[in-house]
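Consider the two complexes below, in which chain A is the common component and chain B and chain C are the respective partners.
Up next, the complex of A and B:
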């Protein structure tokens, strides 16, 4: 069982002052093995904070990130899964699943983590799964109205990944889960 | 040399004294064992003579005294048992007065006196009075203090208190009080007299010796507090006035400081509350060297704790007007002690403020009053430079924040900003950060433009360069932290009412616009997003209020936004400004304001043309422009055409060919919008795709020429994927044949000798083909569509 935290689009301090306290109290150091971040933190303090939650931190560059050296895309392997991350402002039309599927084929990953729309989605298509963890601070987006703060926790176990989505709705944390199974053998 | 000799000598004398006592004690014990009164008296007198020495320091004298004390206990037991010595206590009382020297005589007298009182053959008060007066015979400070201390010790259990066995006709607790007060007064006099004994150069040694003896004097106050008959009335009318009289009249700073503190610590807080005026009235009468502020601070601390532990007494505080009395007393002390340094005065006010916050937290007028007194004290002086003073002022300003957990309350204190004005620039910023952190920690919302105005005045050190400072002197990390804090703060300024919210935004803008080029990149974005959130709120609300002039409309806010973003040109921050303009364009689109949206796009393009020079930045910028434009539905045909034409043009002019290729095929989406009213111009889509194909070809050839081999076929695969996208959407211009052709092209390229194999593009092509197969196998309409494509 490997826990992977996926979050992004915090937009601190331009659009939000901090993570919601209820989220902060859940992100306890030492419980998570990897963090995948879709970008737009956007300042170093947020980077440093995420590092304390888990030192294995993978970030893709968002268009507001202070650190310009984050990569445009990144891929990594965790257990039996290949994961990729890209902020998403590069994939036009924004939020379009078919265009994201193309990126997924290009990166050749089972799970593509992407952001920019501030809207949580978890979508299975031919090439794999696209997950958008939304905005961890619920910050303003020109694309999505009424953004609720959200993040995703993936539990990778063998060929199975359970995706837990945590959403802060009216002050309460609501959890939902989706199961994905990978068929044996890599995608040729 | 002298001093070490002195210590050695003292040790010697002490040893001699102890030996003397032991020697006579031996014979004393023998006398006691044989019930020989005469002998007993003789040897105890000899023993007590050792206490006549003046060569010992108080510390050493005490050791001698304790040994004598032990022997006197045995003697007392002997005296008590008349059967053993056959002498009545009355006679005994007379007999011991024949002892040769006065000191032994008095020790023996006190010892007998104790027995006398216990025998009840005379009223306790008579014996006590006699003894306390007789002790006047010893005027040497150290000897007299120990003698009287002995008297106090042995009489302790025989004081005629309420319900004590020694209470009787004419014998009341008032007599006990009188006795103790007199003993106390005499002891204090002796103690003070020590001050004038030694030569001036031995001042330090003298102070040390005096301090060693102070508890002997203070013990009397303790005894007074234990007398049951002493209730509030007696304390107020008799005890306190007499004690204070002694304290004030002795005019000795060491005694005054110790005794004032003793009074405060020993007697109940309830008494202090009710005698506040008397107690405080003594303060200005004390010697100017007395550290009265510590005394007052401790008093206020005790009273604060009293209030905290027993909330039911709070009304009493109000009733006795504790705050007013303390406040006046402090004022008088500060006035009287002209030489008191500022740090002393401010420390006093900090104590008073702490007291007020504990006892009267709801009385903001009191809190403001204390701050006002500080302002008065600080005014007329230059900006504070002494770090101890600034530390105290910061403590003063932080106390209300900590107490109220709510900056809004502190903002209503009219003197709060005035105190802050007296801080030097650096401390002002420290305090400003404290204020911001308090707001963030408590999640406080500042909800009116008036409060925001006061707040931003308070933190102005962070907002702009105030006189005498410049941002150049600052450490970059610190500066960033400061400005990011200000940015975070802006999200705590909020009101549900759009009119008020707009006022807040205008107030903030007014303050931050003067921040200068270093600050604007930090402060402008959060303000812009606050404004955009307001626009969205208004947009979602139901229609206009007919006929009313409504200040808060999206249009007005967009005008303000234009101004705000334009300010970034002085930094200059073209990339940031471009992003913000695009955000505004989208918001204007959602409000159906075509000209406003167009204007924002124009601004973005101008920045792109003139200011964004870095090639990597250009790639990101053009994608943002394309992505935003793709979502616009407010533009009419003309405007849309102009903008898409520009976007496509710039895409093709990017520096690197692969970037050009990708930007151009991204533009294809500008001509195909999936919702029902959206453009679906298949021809122009195809034109874009073909153009990007041409660019990809050219890129391949370039690589061929420069490196002697073909580059990866990735670009072609990407374009293929785009063809599939529009093919599936049903664009008639994208035919199965075209796709087939592209597939063959890629295969050929990949198999060609000159192509370097690239696993990534191989995998990409493979997964694309796999996708096509998948779609074919779907069957139904999609399967049919894909049927002509052969793999």
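Up next, the complex of A and C:
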């Protein structure tokens, strides 16, 4: 039962000043084992804050990140799953599911976490699952202004993943979940 | 029986430095195990510490101390059990009549501090210890006695307590069964044992399942109950459907009733339990080290403590409970009967609950200052010491200002498991558990005896040395200690 937080595109301080307080109150240290961040934090203070929530932090570089040394893509293994992170601005067309699927096959991961579009999506294809946690601060994107703050928490338990989607809609936190199982045997 | 001054027998050199028995003196005629009424006189030799006594509260005879021959009750003949782990062999004594001792309390055992006068079969003489010569035979006979008692259809608990108080042999899983009986886990009626055991063990399994489930599994269970089977299956492509969560249960939930929230709160306790379990008895292979046996034992200890903490939200887990748990688990797990060893965890859990029920108040912080709390208990110990040995009491508490809390706290809350080596503490527990009124009184008496035994050194010492001595209590002959305790 491993809890993995996926979030990104906070754009602090340029486009937003902070995470919504309701989100902040939920992100209490000690509960989450890993954080996967799609990028565009953008400053070091946000990095430090995320470190206090969980010391195991994986970040991919977004185009506005001030820290230039984050990698473009990153892969890690948690339990039975291989996860990959990439900010997504590199994949053109932005947010195109087929192109993301290509990236996923390149990285050879079961779950690919990307951002940049600031819209939550969860998409399944033969090679695996693509999850976009959206923007945790609800900042505007290159595409649209209409953004709800959102992030994703994954509960990885053996071969099964429960994805909890947290969205701030009209000032209230709404939580949904998505279940999926990995079929045994590696995806090639 | 309030003693104002130090009684003579206490002042005898016997008490201050118990020596391992060297030569064996008079072999007292010992009664065949199952015999009843002959009271054998016993003479104490200077080199041999005396035989342990029956538990003070149980079989103290009603007759006044100065009475002479009184008949023993049945089957009181038992030698001290040879503890294979113990370093000295002084624990083997002849079959003696223990009730004898009660009649000799005030009467100068010190009179017989020189060796081997064979006393008349009368009360006012000392006690003889049949030496270690025929120890093996005695062991077997005592074992046989216990076995005989245990094999009855309905076990006489009073009798069992009396026998048990003198020590239980280490072999053949006797201690395991006797402790279970003494703690009320097994009923005295043998016929009920299988059903009782089965019931309790399955109850424990049930507790474990319920309480040790992690929230993922719990939510999955809830789901399976409410939804039938709306799992999106095998589409190769497409957006994943979002579904509602049940009861607002999500991992970051801050709600009090949330399964996840409770889980995280319990995690702290679980971590503490884990740390303490890993530190339990690091010198014993059974508990510590990298072997799979040790790991599985630690796992079992953890589970028991976690289940206990969850079932008792008022007291949860307090450091030290692992120390009280360890001897119980050790004894039950080493039961030669396969069936018992496998279910040792369940058995230990219930016995632990039973044992702790008498001592719960020691662990609740709010009760520290109350009448039932640990402070009151320590005060009672202090009073007991004052009654028995005023000079020592005065010296300790007033002259050197050694507050009993500094040393007695650990003695009392951990039931002396930390003061002696493991084997000795098992032996002390035999006596503690066999007290029908609960171990509390006997415990205080043993603590008092511990103080009295080292009185010479205490009287000669100042605050620092006394405190050091009491916090690192020197190893001593256990039967000696128990004998002194029973005389109080």
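Keep this in mind: the second predicted complex is superposed on the first by the 186 of 188 C-alpha atoms of A that agree within 3 Å, B and C clash if a C-alpha of one lies under 4 Å from a C-alpha of the other, contacts with A are read in each partner's own complex, and residues count from 1 in each chain.
Note that a contact is a pair of C-beta atoms (placed from the backbone, for glycine too) under 8 Å apart; a residue touches a chain by one contact, two chains touch by 3 or more.
Fair warning: this is a prediction, and the values are worked out from it, not measured in the lab.
Chemist: What does the overlay on chain A give for chain B and chain C, a clash or a fit?
Modeler: By the criteria stated at the top, chain C and chain B fit after superposition, with no clash.
Chemist: Under the stated touch criterion, which partner chain does A:164 make contact with: chain B (first), chain C (second), both, or neither?
Modeler: second
Chemist: Per the contact definition in the header, classify A:99: touching chain B only (first), chain C only (second), both, or neither.
Modeler: The answer is first: A:99 touches chain B but not chain C.
Chemist: Kindly classify A:27 by the partners it touches after superposition: chain B alone (first), chain C alone (second), both, or neither?
Modeler: second
Chemist: So in the superposed three-chain picture, is A:13 touching just chain B, just chain C, both, or none of them (first/second/both/neither)?
Modeler: In the superposition, A:13 touches chain B alone.
Chemist: According to the stated criteria, A:47 is in contact with first (chain B), second (chain C), both, or neither; which is it?
Modeler: Neither: A:47 stays clear of chain B and chain C.
Chemist: By the touch definition at the top of the document, which applies to A:177: first (chain B), second (chain C), both, or neither?
Modeler: After superposing on A, A:177 lies in contact with chain C but is clear of chain B.
Chemist: Identify the partner contact of A:126: answer first if only chain B is touched, second if only chain C is, both if each is, neither if none is.
Modeler: both
Chemist: Using only CA atoms and the superposition described at the top, report the least gap between chain B and chain C in Å.
Modeler: Least C-alpha distance after superposition: 9 Å.
Chemist: Please report the chain A residues shared by its interface with chain B and its interface with chain C.
Modeler: Chain A residues touching both partners: 126.
Chemist: Which chain A residues qualify as touching chain B in the complex?
Modeler: So the residues of chain A in touch with chain B come to 12-18, 21, 43, 45, 63-64, 89-90, 92-94, 98-99, 101-102, 105-106, 108, 126-127, 139-140, 142-143, 145, 187-188.
Chemist: Touching residues of chain A toward chain C in the complex: what are they?
Modeler: Touching chain C from chain A are residues 1, 3, 25-28, 30-31, 121-126, 129, 153, 155, 157, 162-166, 175-180.
Chemist: Considering only the defined contacts, which chain C positions touch chain A in the complex?
Modeler: That would be residues 214-217, 219, 231-232, 235-245, 248, 250-254, 264, 267 of chain C.
Chemist: Of all residues in chain B, which touch chain A in the complex?
Modeler: Listed in rising order, the residues are 440, 443, 480, 484, 487-489, 491-492, 522, 525-526, 529, 532-533, 536, 540, 579, 583, 586-587, 590, 620, 623-624, 626-628, 630-631, 666, 669, 674, 714, 717-718, 721-722, 725, 728, 760, 763-764, 766-768, 770-771, 774-775.
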